[in-house]
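One chain, subunit A, links the two complexes that follow: it is found with subunit B in the first and with subunit C in the second.
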Partner chain A sequence: MSTVNQTPATHAPVLKDQIREFIMENLAHAKGITSFTDDESLMESGVIDSLGIFRLVSFLEEDLRVRVSDEEINAETLKSVNSIEQLVLSKKK
Partner chain B sequence: MAYILQQLLTKSAARYPEKTAVWARGRSITYRELDERSNQLAHLLRQHGVKKGDRVGLYFPKCVESVISMLGVVKAGAVYVPLDPQAPADRVGYIIGNCGIRALITKEDKRHGLDESTLASLEFCVMIEEATKSSNGTKIIPWSMLSEFPAAHAPEVVLTETDLAYILYTSGSTGRPKGVMLSHQNALTFVEWCAATFEITREDRLSNHAPLHFDLSVFDVYNALEAGATVFLITEDLALFPSRLASFIETQGITVWYSVPSALTLLLLHANVNAEKLSRLRLILFAGEVFPLKYLRQLADLLPHVELQNLYGPTETNVCTYYEVERERLASLEKLPIGIACENTEVFAVNDQDEIVTQPGGTGELYVRGPAVTYGYWADPEKTAKMVVPNRFQKNFEEKIYRTGDLVQLAEDGNYYFLGRRDSMIKSRGYRIELGEIESALLSHEAVKEAVAVAIPDDIVSNRIVAVIAAHDGITIKPSELQQHCGSRIPKYMIPELIEFRDSLPKTSTGKVDRVQLTQESIRAANQPPSEVVSQ
Partner chain C sequence: MDFSWSEEQAAFRKEVIRFAKEELNDDVAKRDRDEEFPFDFWKKCAAFGIQGLPVPPEYGGGGADTLTTVCALEALGYGCKDNGFLFSLNAHMWTTEIPLMAFGTEEQKRRYLPKLISGEWIGLHCMTEPGSGSDAYSLKTRAERKGDRYVINGSKTFITNTIYGDLFIVFANVDPAKGANGVTGFLIEKGTPGLIVGQKLHKMGLRTSPMSEVALVDCEVPAENILGKEGSGQAIFTHSMEWERTCILASHLGMMQRLQETCVKYARERRQFGEPIGKYSAIGNKIADMEVRLETGRLLVYKAAWLKSQGRHALREASMAKLYVSEACVQSCLDAIQIHGGYGYMTEYEMERDLRDAISGKLYSGTSEIQRVIIAGFHGL
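On to the complex of A and B.
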């Protein structure tokens, strides 16, 4: 598992853990991958494939309750754990 | 008329030298450049000892150099072997060893991942980017060396249409991939049929969605070259995002699209496509798996101006039958036909009495005859003898026909319909997957005593894969460990997404693992609503 940075008491680390855990359990393991960093490109490492993207989007919409538009499903927004966290945070403001 | 693939390029380069031949990752090259660079590469390969019939591996992600390499290798009289850049190094190493590749065109990060013995077996590597120094004995040749070689003409090599052009590796039931040998004639039979049937012109803009080790890409690349058209190579970063892919099709003015149905389904479901945006698109070809009628109907309604063609055929024959979607019949169709034989190809079904099916309603295994049929599998005469067999239905002369292993039905309308497989090969996202190859990967883990891979039918990707495992007594192992183990042996699309553990697997009366029961149980479990799973 990747390391969690020590951050001030906000909701961010919890959210990031949730995202990381979902990707690890539901996407990475099924691709034979057991570790990735929060910054790593999930597409380049093969964690996320064409169907994985939509499982991830369902997770964001159903579990984290943010609405993701078709246009937001792109290589920058969904690149890494960090960028996905940013997407969710920007929606919750 | 062309009888070897490179003649398609030579002809178009003479007619349209300044036209764009290939576009990839924001870069493009003209026909003149493609012709010259591939001539240079052919000379370079020859000078470094590549001879007629030698196999040259192509091991890097899709880019302009992919097409230069394909053409450069055949111009050298050699045979190219596209290696999946996403596959585990172990599998790539096996293929390199299996077909005796000694020259590899690659990138440093790919070369670096290969194991020592594979690297030691290579005589040289041509690096498509700036080369770094070799860390071991392999000779490294930077791409920039191409400029040292003659550009105007390819080396003199005597080739006929019966020489091999490329080898495509597909999943093998005994646990290792097998190399399908394809000759220039095999490829051109298909390319020329496509050119005539789909009337590809130099105005066309073809997409290349499939990976280059997948036979769908033969159409994209060579039919573009044949017509003097442009082929746009779609890379992973683009292919993954339907909305982005749709705007790519729109802005690049793609006119001809060929992919597996699941790629089209994702476009349909997750990109806001419509006829206005894709007004230049005129033809969609799909192959590799069954297109669910539900989505095909939606696609047909959404893009009323686009001709839709269902192509069918295994790598061993490329496409052998086709069906032009009839919109007026689409609502009443219960199943999508695979259609009728392509020109210069004969197909027939052989029933259990070993007779050719001639009456509508009859079912049997589909056989293919003609110049599109492969010679067989590289270095595997046993497997070849099983699948590429003497034609026992005509005795006048010796010829081989290919047994597809697909069960089909001949219908009243003259079309064939796909019914299923005779063996345990399945399709997922158009990829051929032998469940046996997955099981071998699982069984190679020391903790695993018994393993069965099961295909769960799925609306979008055709099949999902799960596995049922019995471990050796007293050993516990996590699913993720086994998935990781698989990841080092088989491609990601073959790794079971779920692994279930049991004390032992159910057996049939003859003591074999009961696949039928396991499959039924797994499908039932997969279709149950996940209500009992507590999230978080």
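On to the complex of A and C.
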């Protein structure tokens, strides 16, 4: 069996960047939204709708490997990039 | 990966089939014609433990995991031919018990779950309105806070279990300016002034399951009757739908197996041109396709249920299961009728009722079109 030499990444992507990038590419772009701030309420600005919530939860569970409980799926916990980052960090402690 | 039921699950499945065949099949054709809901079946199922299957033991439930619950529901669909009754059971479990478990306060759970599990009470939820079906969160029902109470006004339609319902979960918007984020769930008991159940709606299928409109006219409920928090209606409803789409069509799988076995038996016994009709590929191919649809449907339903048993979310998988099984079941009903020829079209043979019942599966809990929107949505489309 052969081995493949891989160049190690110089730095892992910062969690907040991963979250922001997912939301921008998968949720915001489809709605024609090209920018949002880390503190912005993504539900109120229309970036995250009812389906978007579960796409986001799916991203958190499958890509970031955290379990999101039903009680945590609400407009406060998933409000903004910052609050989503806090949720993930609290799970990884 | 393990594709087999455990010994315990297999034994339970067998017992559910025995129970369903012996206790849940009286006068189905007559009740379908007369649109009668079988109360005695409801009580028997509660005594057997069906309504409490997914509910933790501290509230009187069986504490079964999702996969075991699906196993039991599939067995019910196989043994019980009253699809309307099974639909009512599912509505009760996924749209009332499950959201209460996930979002209810301890006091709400203690007050309602034991009654819902024991068969004493029947639960339902009220979401759909004349102007909002697939676009569920555009609902017009309003809840206005007045001191320590909410006053609810609006109208709902296509609501299951209403006529015999005891506990209604009503979705209303507390702040229309917030759009979907204002949608809130309220627990309302039967007999509350202003909660009005309208005339029974008559349906193509699922006729043994009662359905009607519901009006809310200055219906006052205490603030503590909120389920979850103000604005959490979206999370509650999506949570319910994820559960419902995972589990509600398990009984369709049972129905598909029953139909397939009926067709195999008929294809072996019925002779035309000197041969059993199953010897003709036109018939044999249909039966093979029925089996492939059944097994494919099982894989999708079991996968979604397994995810939920692991404590993970399964919105996409539930949508795929619901979409596939609902459409596959309709096709298998059509094939079963075709294999039986003129007999299949007769009420006495019961397949025309299965077909009428199965068609609704493409509509309730989100139409097939909405399931496809959800699945495509996971790819940013």
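Convention: the second predicted complex is superposed on the first by the 80 of 93 C-alpha atoms of A that agree within 3 Å, B and C clash if a C-alpha of one lies under 4 Å from a C-alpha of the other, contacts with A are read in each partner's own complex, and residues count from 1 in each chain.
Note that in this section contacts are C-beta pairs under 8 Å (C-beta built on N, C-alpha and C of every residue); 3 or more make two chains touch, one makes a residue touch a chain.
All figures in this text were calculated on a predicted structure; none of them were measured in a lab.
With the C-alpha superposition on subunit A as described, subunit C and subunit B clash in the combined arrangement. Of the two partner chains placed by superposition, subunit B and subunit C are both touched by A:I73. When both complexes are overlaid on chain A, the residue A:S50 reaches subunit B and subunit C alike. By the touch criterion stated above, A:T34 is placed in contact with subunit B alone, subunit C being left untouched. When the two structures are aligned on the shared chain, A:R65 is found in touch with neither subunit B nor subunit C.
Applying the stated contact rule after C-alpha superposition, one finds that A:K92 touches neither subunit B nor subunit C.
With the complexes overlaid on chain A C-alpha atoms, the stretch of subunit C that clashes with subunit B is 189-197, out of 9-17, 45-53, 63-71 or 189-197.
Where the contact sets of subunit A with subunit B and with subunit C meet, they give residues 29-30, 43, 49-51, 53-54, 70-71, 73-75.
Across the complex, subunit C meets subunit A through its residues 102-103, 136-137, 178, 180-181, 228-229, 231-232, 234-235, 238-239, 242, 311-313, 315-316, 373-374, 377-378, 380-381. Within the complex, the subunit A residues that touch subunit B are 18, 29-34, 43, 46, 48-51, 53-54, 63, 70-71, 73-75. Note for the complex: subunit B touches subunit A at residues 86, 236-237, 239-244, 262-263, 266, 270-272, 429, 460-461, 479-481, 483-488, 492-493, 495-498, 535-536. Within the complex formed with subunit C, the residues of subunit A that make contact are 25-27, 29-30, 43-44, 49-51, 53-55, 57-58, 61, 67-68, 70-71, 73-75.
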